[in-house]
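What follows is a short report on a single structure.
Read from first to last, the chains carry the letters A, B, C and D; within each, the first residue is number 1.
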């Protein structure tokens, strides 16, 4: 028996595989047994009702998806009343993804969600900070530290901070989250992108810009995990383009303690089950008794990824 | 007859299609008539001999390629003696891509290349600046302005500055290049990425990190072109994942005046010809007399891409 | 205002499970220049799909056409007895172009059955179905289900030309009164179709009206149904990614108690009450 | 030290043009558990490929296997008379696994012929070819070309077991002396193969030696050739992206005038002088 259980920033998971925020909902329950998952991560919610962005909200690209869903949300009260109880009947821990336009807003939500039934908070800090001219929190170490500290004071729950790849220095941002008190970081959210319809000349997304996800971005997010792993003391949850168990192994080797599967679930709804079973099979085949032994096991001795020569 | 000729930062091109630096060499001459191209852009050269990075230097990914070729170069003297004359027998203008570890190094190369046979300079400023702790010039507006100003003083040739996507604010960097005196910017180079071999646990690139290119990154580079187009007065050359004429049209609509085709040439060596012929056919079909009419013609009235809500 | 939970009709909870299943192509023929008919061998729960439910097709790469997302298609027929599921589709772009390469014996992965289908009230004696283009694919199984419940059907089939009226024989086979309305002779004009519908309602032959495939037909059906106080349902389309209610890309606006709310076509629909659906 | 221009032998300038051409699969069979033989219908210049030249195959996507880059394969046979080009390949990973799905009648795009092949000196009377595994695919056409020039061939074919010796019949057909050396009976051990080669040289039956497919065989051939002062060539492999000398990913180290220089396997090779090539 391969040991698949992992501990991620204070949360014990039966296995290291969970959905990425915004790519999971109760509908999946019709396709497989949700109790197989390492954790549940909800679509990001906000304090108040939000409608989300205009349609079209998605378009596809080479091995990738662009989305500008935005954060349609029925608000915190509805979530606590209806959604938290829904997940209570399953065994995996419920991690709630939250977003807010201000530091205090984040803290207030975390405080309100520190209730039975909620096992952890994932702070989606890729959203614009209205107190800072709309700049996303996760683009700057200073803002990231601020919001993480406030969240840390607001909740005793395991606190994961989800980073954006749309920054010049993800390592600095990740370190700011660590210093601010995060129990883990999620690396990462979608990459800002766009497409244009060559028939109509209109942007393919109602919001013009959207986030790219899926296999196309895997090598980029993987690189960020690797860079962060070299400098962080807290666990990293890898996210971006994972479709197979091999992809998950790449992330673990790069230094992730767990992984999130997003867009692939839209194409292969049972993908997470495939990753879980495939991880166990991989370890068995390779004689690895504990999946934790893969974490950071990349054979890169003699290399320093931070100073490697520019690509081309 | 559709007019395909464009003027890109002081250089008149018969059509807006050219190779991306490092993905073109005289070998292509065996596959099609090189005189069909809008311009030649050479692999980046350096002042002195350089060996490049350890092998393996490439690996593939979903609709993409990772490379850590580095910049193997026989040096400037060899280039001027052997390569410049080779291209003299073709009609497209020769744009020479240069790199240096210092501002003065860049300027010296540009000065030395301001000779007959060289029609323009493309400064690949994604390389590390050894005077600034190895930080790439193109990651920071200040360094970009510095190097561009020095290049501008050093040469009267059309000066293109090629940007890196590995920055949190490409628009600020592009504006710095414009202010510094660039005639055009190329958007953009490869995105820092990595992959790990799950059999050997070793990085798939000898250099560990490399640059991702190909269709996978197209929506990201396209977004950057769109963002830059809104704020720049100089032409933009779009580059990243172009495989078909439709891809090129997307870039033109987003605001590019010309495009570079890179990785696709490795998979489909005649791709550039397909893009040129396809552009003409597209314009004909749509009753567009001049390809310049496509530039920036995206129907985005009412949107402000800069402040659009975060993706997800 | 957006509704995320518990907007599905209660009955939907008992709908068959969803499966992500490999199927085999039994046949695949061009119906006319634009449409193709695809017959797949599949097992339950796919074959248990109800009228109005849809599947999400994993179109295989075909040369340069490499669709990444699945493509939604209405159930044109699903029959547990023959173990087949059928689709009628129009070649539109990347995904459907890639589909055309499928030949008998090839494999195709389909996800479903998905969504909430049509609801038939056994108390109804006679209904009208009003479709155009690929909407007919969606309405044909509904007409058969109505027939099975002893409900008579009038099928108003709209098309550009007589030769593009699809599935008329399927409606005729269950004894439906088939009324083709055409662009070529002007009979498909909204005013004339509305008059037709009004006439049927007047004659007590429209306990409910069902529509799919045309915004114009939807508007006039909604209008007549409202005026006449008769029930109605519409099967809507919207671009989809997940098909399972997870991504919120497929929302449309609905009028509920005077407010506009967003609902997910894949999860809350694709079949909606005519009163609540809005024009697109 | 890297050599970018003008390192190709002068003759290479007259090599056939390169074409990016669609071909049709004539046949595709498994030779043994690991190797497959692929025959394609192609036109010139593909069919004009010289021994040692290679093609870059655009392996089509096959289910989850979606290779992005082309894959290089040696010319196993190219014949303008029959209009065919053949490959012998080993199923290794993503790309070759995807290739296995090709059936007669399918299309396959190949780019080539590429690179610089073997050079035969008409003054030679007898040569030795020394190969293992897929290296035999590369050496078989060389042996035939030698035969056409009236040069006698000794073929030392190394394999794990007797049943894995490939292409022996092709070497035999041109009257080559075929010497299988096997891991199973120890005859493939480097010392014993070196002795064999030494013996041939001693007997004046090795004006030149050609090798492909094994680093061990390469080292011993290089060693014997150096000791005996005989000519030699090796066909090398390296991971490739462009195949046309553009990307510089396929470099290997060569000893030239006592210095190590980088050369591109796709452009300066894949066939190199044994004296300059280094072990890998």
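The rule is simple: contacts are C-beta pairs under 8 Å (C-beta built on N, C-alpha and C of every residue); 3 or more make two chains touch, one makes a residue touch a chain.
To keep track of the chains, here are their UniProt names: A, B = Dihydroorotate dehydrogenase; C, D = Dihydroorotate dehydrogenase electron transfer subunit.
No experiment lies behind these values; they were computed from the predicted model shown.
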Moving step by step through touching chains, the smallest count that connects chain B (Dihydroorotate dehydrogenase) to chain D is 1
Relative to chain B (Dihydroorotate dehydrogenase), the most remote chain by C-alpha centroid is chain C
Ranked by contacting C-beta pairs, which pair of chains comes out on top?
A-B
Quick one: report the Å distance separating chain C from chain D, using the average Cα coordinate of each chain.
58
Could you state the distance in Å from the CA-based centre of chain A (Dihydroorotate dehydrogenase) to that of chain C?
36
So what's the Cα centroid distance for chain A (Dihydroorotate dehydrogenase) and chain D, whole Å?
48
Could you tell me the distance, in whole angstrom, between the mean C-alpha positions of chain A (Dihydroorotate dehydrogenase) and chain B (Dihydroorotate dehydrogenase)?
32
Counting only residues that touch at least two other chains, what does the list for chain B (Dihydroorotate dehydrogenase) look like?
22, 61-64, 67, 69, 214
Counting only residues that touch at least two other chains, what does the list for chain C look like?
66
Write out the stretch or stretches of chain B (Dihydroorotate dehydrogenase) touching chain A (Dihydroorotate dehydrogenase) in their complex.
22, 44, 53, 61-64, 66-71, 126-128, 134, 136, 139, 166-169, 189-196, 198, 200-203, 207-212, 214-220, 222-223, 226, 241, 246, 249-250, 253-254, 282, 297-300, 303, 305, 307-312
Which of the residues in chain C end up touching chain A (Dihydroorotate dehydrogenase) in this complex?
1-6, 17-20, 58, 66-70, 111, 238-239, 241-249, 251-252, 262, 267
In the complex, chain A (Dihydroorotate dehydrogenase) touches chain C at residues 22-28, 30-31, 43, 49-52, 55-58, 60-65, 67, 69, 72-74, 78, 82-83, 86, 214, 265-270
Of chain D, residues touching chain C in the complex:
60-61, 63, 66
